[in-house]
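Presented sequentially are two complexes of chain A, the first with chain B as partner and the second with chain C.
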Partner chain A sequence: MAAVEVENLTRSYTAARSASLFTKARGEARQAVKGISFDIGEGELFGLLGPNGAGKSTTIKILATLLLPTSGRARVLGHDVATEPTAVRRRIGYVAGGDRGLYERLSARDNLRYFAELHGITGPRQRRRIAELLELVDLTDRSDDKVEGFSRGMRQRLHIARGMLNEPRVLFLDEPTIGLDPQAARDLRATAAALSAQGTTVLLTTHYMHEADELCARIGVIVEGRLVALDTPAALKKGVSDRTVITVEVRDLTDRHEAEVRALGEVLSLAVTRGPATQVLEVQCADTGDAMPGLLGVLGSAAVSRVDTREPSLEDAYVALVSRSRAARAEADR
Partner chain B sequence: MTAPATPGAAGHLRALLVCSAFQLRLLLQYKFYVVAVFVQPLAFALIQFVMVGHRQETSALAAVSVQTGLIGMWTATLFGSGGGLSRERRFGTLEPVAVTPSPLAVGILAINLATAVMGIISMAVTLALGAVFFDMPFVPRRPALFAAALVVAVLANACLGFLMSNAFVLYRNALVLTNLLEYPVWVLTGLMVPVSFLPQWCRPFSEVLSMTWAARALNHSMTGEGAPVTEILWCAVTGAACLLVALLFLRTVHDAVRRRATLSLV
Partner chain C sequence: MRTMRSLAGGLRLTLVGGFLSYRALITFLTPALFFVMMIATPLFQIITFSLLGRYSKAETADFYVVGTAIQASAMAGIYGASQAVANERAFGTLAQMLISPAARFWIMLGRLIPTCVNGIVVAVFGVFAGWALLGLRLGAGDLAPIGLAAVCASASCAGLGLVIGALGLRFSDMYFITNAVHLVLLIATGAVIPLALLPEWVRALSRLLPMSHSIAMAQDVVAGRSFSALHSVGAELLLAACYFGVALAALARSERQSRRHSTLELV
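== the complex of A and B ==
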């Protein structure tokens, strides 16, 4: 039996501003999740990647019983998330990234005690479990300090501890490393990997490709509510192995430059990162020799400071998938 | 790795009491709220004591103490519950509470119970004011019944606050309802004017509100008159009915927030 089964799941939101106490919401429904299906095996560490607003958090919230699906079906350890929420909640842990979700004016230990009680974990078992988790997330020394004085990383570690209070068989991690310093993020990844090795099923959403590459046995890519790819990181990378990535650092990139690069016949996809002083273009192309002259010709007036070529990474595979999906969507809309 | 056994009714009750204790600790850290719980009944009591003080009637002075104490208790519960739910939204703790196997009612009622317990401060303030400055006997004629009435009044208040909390869970802007509901409950339950002064059509509403019975039971146990035992029982019955209605509503509200996705909204 799969730990998580998702069948043709959809979820729509209606614009809240159009609803009032006396009238039903009349705004146009926006579909955040559009008929996705996937399974996660027991003990598997599964990654869900996608741009902001792609439907990752909505999917995880449906699986964690916080939202009802509009249609389709999802089961966690055989229990339907829509109709058997309590059975699901007994078996899962849910960790959302960010600063919120903790009682600021209670200590770390009291936060854990509060949620332990709601999980039905009491007495010596509660004390033992809380001590273990505080140790695991390296908060033992600060366990009696109020959370309001905690850094973002410490709060995030406390979130993780809370999510693991009931020794969940399925753990949902929604962007858990967001805002963490590199060491804390690395520790968290090690914790996730250890849990998976011990048999806990982990569903992870993240924007950090190296994280997904390092941890996940399989990855699903969601774009605009649709699952556009589902495979191992190696297989996803293989999908772009016929490409080369040219990285160009410039100082004066304009929208016109960007449009001209996209229009080049040899360019398969483009990602731009804008820093305070420089801009970095990651250009995927089939052949470096063919693409380079045109590329440098277009960017000649953008003050090129560095040019590199490299093999595609998971991030490049992801960018290619997202670009391809958006282009296909735009084509279909026309 | 096995899932923990589902907590039964006793487990839920334990969780409710422990979480209420934590919520009480949280409330005590909001100094303005504590001051409001202290000052408002004091102001009401002072005005009413001055109005009836010249009569030197123990029953009238006791009524002032009890009624203004209950006024403060209702305000503490109503504003505390609304503010508590808003705070849960602001801190983003409603979702983590909802995703535990305990019923959502436990997490919500813990807030209501803590706020109702804060109302004891109001009662203590008005009793002390009457005793110190207006020669009102501080010790009730029937102390055991007074204590029982106070406990039942706190629980019944928490149930009424819980009923209101359904709106606070469903609508993130429902905090404005607190202003709307404060005064009518004072009037309907006879805390501002006797219920007999109200129009005939209003009185059935008074009779189904547990606070009306709490006021009668506390008054009578202070003065040694009437039948406080019956009134305590009625207070318990109306409070329990309120709890039942609130629990039924919350099932609908729980589904509604999962459908509308409003639990995480601030």
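== the complex of A and C ==
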């Protein structure tokens, strides 16, 4: 039996303006998840990638019983998330990124105590579990300090400890490494991998491709509510193995340059990262020799400072999938 | 056996979880704010309305002192209990509460009991202040029924506070309701204006409001009038149970609506 089963799941939102006593919440209806299906095996570490607003968090919230699907079906360990929420809640942990979601006036230990009480974990088992988790997330020294004085990274580590309190069989990690320093993020990845090795099913969303590449047995890519790819990281990378990535660092990139690069026939996809002093273009193309002259011609006036070529990574595969999906959508809309 | 374990677990969640959530969610627990809201404001309220009442001569001075002392616990019940629920949304912790398997009955009871105890403390302090500063005459035999009135008034008031808190999960204007309700409880419960002087519809309303039955009982006690403790306590506790039930239903409805329409902006 799969630990998580998702069948033709859809979810529509009415983007709500906050309700008041005198007004109803209303807004534009929007379909956030559009008929996605996938399974996650027991003990599997599964990644869900996608741009902001693609539907990843909505999918996790449905699986964690916080939202109902509009149509379709989702089961966690055989329990329907819509009709058996309590059975699902007993078996899952849910960690969302961000500063909020903790009781600021309570200490780290008391936060964990309260959530342990909510899960019915009491007595010596509670004390032992809290001590283990505080040790695991390296907060033992600060365990009796109020959370209001915690840095973002410390809060995130406490979120993670809370999500693992009830020793969940399925753990949802929604961008868990946001705000963590590199060492803490590495520790978290090690923890997630260890949990998976011990049989915990982990569903991870992240924007960090190296994280997904390192951890996930399989990855689903969601774009605009649709699952556009579902495979192992190696297979996803293979999908762009016929490509080469040209990295060009420039100092004076304009929108016109960007549009002209996109318009080049040899360019299959483009990602731009803008830094304070320089801009980096990651250009995917089928053949470096064909693309390079046109590319350098267009960027000649953008003060090129560095040009490299390399083999495609998971990030390149992801960028290609997202670009391809958006282009197909735009074509269909036209 | 399983039922007993479940009951013990629920009671533990109510007491231990309730105490932790009270510390976590109530915003007036800093020493300065607690002093202003739970000591100074009730004290000045008791002094002001007792002196005004004394000059009105509509009732005895003790009538106003004991009435306003019991009514002073409304601040703890209305503001405390409403914050104990609605601040889950404000602090971004609501999602974690909602995805816990814990029975909502025990969670809500845990939100009620600490605010109820807070209310009792304020009312007892008010009665003591009335005795020490305003010459409230109390016999030894009066203490038990007045204490009972304080307990019942605090319980029903906290019940109404939970209802407001459950509505506050859904609506952003909770303090509009708490402020309005606090004023209504001041005027329409018989603490500062004898109910006999109020219009019939306000008297009818007062029977459905928290505190009015307890205040009437305490006022009868200090006046040496006969009273039915069973009737007053029964009516007040029935109101407390009704408000608690409405709060649970409102929470359940908010939770259903939230899952359907994502209305609680969970995380």
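Going forward, the second predicted complex is superposed on the first by the 321 of 334 C-alpha atoms of A that agree within 3 Å, B and C clash if a C-alpha of one lies under 4 Å from a C-alpha of the other, contacts with A are read in each partner's own complex, and residues count from 1 in each chain.
We take it that a residue touches a chain if its C-beta (ideal position, glycine included) is under 8 Å from a C-beta of that chain, and two chains touch if they have at least 3 such contacts.
Note that this is a predicted model, so its numbers are computed, not measured.
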Chain C versus chain B on the shared chain A, clash or fit after superposition: clash
First, second, both or neither for A:Y318, with chain B first and chain C second: neither
Which of chain B and chain C A:R169 touches, first, second, both or neither: first
Chain B versus chain C as contact partner of A:F150, first or second or both or neither: neither
Chain B versus chain C as contact partner of A:R90, first or second or both or neither: both
Contacts on chain A seen with chain B and repeated with chain C across the two complexes: 13, 16, 21, 61, 64-68, 86, 89-90, 92, 94, 96, 98, 100-106, 110, 113-115, 117-120, 122, 162
Chain B to chain A touching residues, read off their complex: 1, 3-7, 11, 14-15, 18-19, 22, 25-26, 29, 90-93, 95-103, 106-107, 171, 255, 258-265
Residue numbers on chain C that touch chain A, as the complex places them: 9, 12-13, 16-17, 20-21, 23-25, 29, 91-93, 95-102, 107, 170-173, 176-177, 258-263, 265-267
Chain A to chain B touching residues, read off their complex: 13, 16, 21, 61, 64-68, 86, 89-92, 94, 96, 98, 100-106, 110, 113-115, 117-122, 162, 166-167, 169, 198-200
Contact set on chain A toward chain C in their complex: 13-14, 16, 18-22, 25, 61, 64-68, 86, 89-90, 92, 94, 96, 98, 100-106, 110-111, 113-115, 117-120, 122, 162
